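After this come two complexes, each holding chain A, first together with chain B and then together with chain C.
So, the complex of A and B:
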């Protein structure tokens, strides 16, 4: 395209502006997380962009170590919600990837389950809020309300479309010669899948799993409806860090928000090559 | 050729074909076994719950009634929930608000994303780093993004601080307490978070446009705009449709960021359809009514989508 100097100046100024807008909200939260209470409780009166006296008090506070400034007592710490988020997201990812990979291979190689691509897209189409009444009733009936395994199961179902479509496009792309050679050697099809295809697909499996994990880790609404106390996840717990007694615990919330935000950002950047494929259900590859 | 077809060779070919047939059969069985878990999950989450939802939507059932959902027929009220819904002003205004948010956010995200993607088409110093940073917003947990913007839009927060700096006046807008500015604020948060997705998809599309055609047009003296309109845009048509469809679908579900920023308030000023259903579910607890709302939305969406798909197919054949 254009390579003139005015164009380059234009390009860099627009990009600088875009980067600033992109980063300010995140940086503001990060800065908030390291501010001592005196700096964030007065958030209305005295605005500083950087903490004047950086401290880890906010992190200590949410993990239950009492701090001198904050007299408020938390009725529970952030440890269990973090564990809940982790367990439900990890096992949800395992369910989605396990069922999704198997089904994708079945369709890609043997043409089984022709109904799945469309059925799974439809699953993704509907607002979760519009299907949650029966899910809440069923989960209550199965005794899975307020448990990490209940969350993991629904997460696995909700992200199954992504796992399936991602793996399907990876299998479709994979050359079949190697599989065919192994078949001629007398390997059974099941053995070929387990011993040859899956090991070859390790990078694709890893990126898909990270992608699905990010989606599961990002949930708020489902956990809000299906957990009540014991196994609330990070975002649900975060909302409870404010009460009429204490007001908004800005610093504590920011610290927790930072803990929640960092892992998916790192994972997302690590798999950015496959993000387009994942987000467009494999319709587009980079 | 025929001289090569010795009996041994023929029997070898036969054996190979036989092997193929056997493994074809095995493949079908393996394929069924592999797709079974996914099929079970789809049935588990689609068919049974849908029937349950239909059943409950014809009753006045609430989890507080003390009877199981299967006994909901004791509270049968026919189509009353559906007729109530038609007259429910709050539902229709929530639907209208959801449409408004979509009509502002999706085009804004598309145009901003496209503009940025065009700037990223060729190489320049720092491109890879800038590209990675640009993608950050869409990877931030939406609930956390909601909290970020909740802080930013406080009356003593950074947004007003920046505005004060730019205008030289002391700006102290109570963004989230005013019905209009609250809606603006949640739209800004959505645009911040999802412009990167448009940018990412559109850039992938732009890079995929065959370079030789663009170069040929340049040699023929076509201006940048002519090249863009006559070569690049037509090649991008499918990608643009995909990108817009994804955002329209996801934007319709808008909940996390918005609910954390405003809780649907002040009053009902930012109550979108998901927030409305959530409130009826959690606060009013009339699940029979919620089931009816949800079914109406599911049916309406299904009709819209099948219309869109048939129109697209018609477009392909034409």
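So, the complex of A and C:
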């Protein structure tokens, strides 16, 4: 197509603007994570893009091996929150994906009507605060407050509707004849699911799991209400990174933010191969 | 090798009738074809045979035994699905092996059988590939190989070659017919293509709205259709049907009538003539044939389709070779009275 020069300039300007809006804050965070206090604090007058004196002090600080120049002692290091986030998000994702996939398959193949699937999404229609206070009381009663497994359980429940709906769409789109073919060739229903359906659903499982994991990983509200001390997660811990002397510890927050961005990115890269490949490509005619 | 029979089988989905009171007997070793327009119940009949659907009424029998409550895996019937339904995460070889592996056949036997069927269908060089990397025709052959690899009582095929281009379809159809004869196996075949149905089947069943309209050898059905619907479904171009006047005589428009009047009985509502039975001759004074003008000529090489305007309707004639017929010229139409079909008001065939 033959586009005019002004149009091309306009097009690239819009793209650049959109990229800037998304990328600059992230780059700013990455750069700040390596700046010494003088360069990120309000006291430091000169703002620069790149750290003038790159340092790992912020990382040492949150892991408790150095107080750097802050003269602030943290009451805990980032190690445990990172572990808490990992455990609760991973197991929450496993619960949501396990139950969601099973429910989605059952309802997609044998369910009738739309009421049950819609009822499942209703869980998400409540304002979270309306649900979380009763949950807090229940969890306290069950002795699951301030534990990674209590958090994992509620993460699994809260993200179950997403896992269910994503997987149901994928199951609905899968041609029934492929399962029928396996049935005719002597497979039982259960075997068809394990040998044919699940392997075919690998890309769907991977993308749904990534989505659910990111939801769990970035939760703040639930963790704030359900953890107090031992098992606070990264977002809750991050909020606590401030002091009366220096205010917000931006450098430390940036360092923690950079670490927090790693697991979703790794997962994303690991399953990228599955995300780009079609679901049933090659199974059918055409 | 086994026969498959239906006894008054009906299947409904909600308010939609998919199959209505179907009864038939497919003989062991027969190449049997179900033919009808889309949604006429052909695929449902196959699913009922496979056990993927259970009849609401009636009985399905395989080899004389009722199988209504036997699961698909235990019916020992092989199937080629319309959309092929290959397993996309398995290679062609794994796809073909699957039926044998699932039945716990010894590895040496599996290898021998897969090799034999791969050779027969010329897919040995494709076995290591995933379905995604095969062409349409290759996928087709892999799907057929998956059905042929074991030794079922019958093979079922749901329009398996519809996605191929015309040339490949003709080849595959001949190939299928040959394979079926060599195997001597019952093969039940569904198609929406009348030429395909006629060319492959020993016998065929014509379906409309889930009901079987006629069963018989293709040529018998072609020559003696049970109804106007069946008559027009088979043959290309379609059979010409002329309305008959209330008197029972064919609508004449102006000019002479096409047929001897004595053939007409009182309750004839339609008169059918196949395009190849229509004789087209130059108009001459005193000719007994019905006058018409040539509307359009389609030369197809071996034969020519001529569309004729009689004033009240258009008729099509199929002529051999390339006759010298000019558009808008006047011609006389006639035909052998024995090749004329008569239909009653409800479309039923009337025979003297």
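To be clear about the criterion, the second predicted complex is superposed on the first by the 247 of 286 C-alpha atoms of A that agree within 3 Å, B and C clash if a C-alpha of one lies under 4 Å from a C-alpha of the other, contacts with A are read in each partner's own complex, and residues count from 1 in each chain.
Criterion: contacts are C-beta pairs under 8 Å (C-beta built on N, C-alpha and C of every residue); 3 or more make two chains touch, one makes a residue touch a chain.
Computed from a prediction, not measured in an experiment: that's the story for all the values here.
S.K.: Tell me the contact category for A:177 with respect to chain B and chain C: first, second, both or neither.
M.R.: Second partner only, chain C.
S.K.: One more residue to check, A:196. First (chain B), second (chain C), both or neither?
M.R.: Only chain C is touched by A:196; chain B is not.
S.K.: Now for A:185: first (chain B), second (chain C), both, or neither, which partner does it touch?
M.R.: So A:185 only meets chain C here.
S.K.: If we overlay the two complexes on their shared chain A, which of chain B and chain C does A:137 touch? Say first, second, both or neither.
M.R.: Once the two structures are laid over each other on A, A:137 reaches chain B alone.
S.K.: According to the stated criteria, A:5 is in contact with first (chain B), second (chain C), both, or neither; which is it?
M.R.: After superposition on chain A, A:5 lies in contact with neither partner.
S.K.: For the three-chain arrangement built by superposition, which of chain B and chain C touches the greater number of chain A residues?
M.R.: Partner with more touched residues of chain A: B.
S.K.: Contacts for A:239 in the overlay, against chain B (first) and chain C (second): which applies, first, second, both or neither?
M.R.: The answer is first: A:239 touches chain B but not chain C.
S.K.: Identify the overlap between the chain B-contacting and the chain C-contacting residues of chain A.
M.R.: 183, 188, 280, 283-286
S.K.: Going by the contact rule set out above, which residues of chain C touch chain A in the complex?
M.R.: 47, 50-52, 71-75, 77-79, 81-89, 98-99, 102-103, 130-134, 136, 139-140, 146, 162-163
S.K.: For the complex, give me every residue of chain B touching chain A.
M.R.: 23, 26-28, 30-35, 37-39, 41-42, 44-46, 48-50, 52-53, 56, 63, 69, 115-116, 119, 121-122, 124, 130-145, 147-149, 151-152, 154-158, 161, 192, 196-197, 200-201, 204-205, 207, 224, 239, 242-243, 246, 249, 252-253, 255-256, 259-260, 273-274, 277-278, 281-282, 287, 290-291, 293-294, 297-298, 301-302, 305
S.K.: Which positions of chain A touch chain C when the two form their complex?
M.R.: These residues of chain A touch chain C: 175, 177-178, 180-188, 191, 196, 199-200, 202, 280-286.
S.K.: Hey, which residues of chain A end up touching chain B in the complex?
M.R.: Residue list for chain A touching chain B: 1-2, 8, 11, 14-15, 18-19, 21-26, 28-29, 32, 43-45, 47, 49, 98-100, 102-103, 105-107, 109-113, 116, 119-120, 122-138, 156-157, 160, 164, 183, 188-190, 193, 214, 217-218, 220-221, 224-225, 234-235, 238-239, 250, 253-254, 257, 260-261, 264-265, 267-269, 272, 275-276, 279-280, 283-286.
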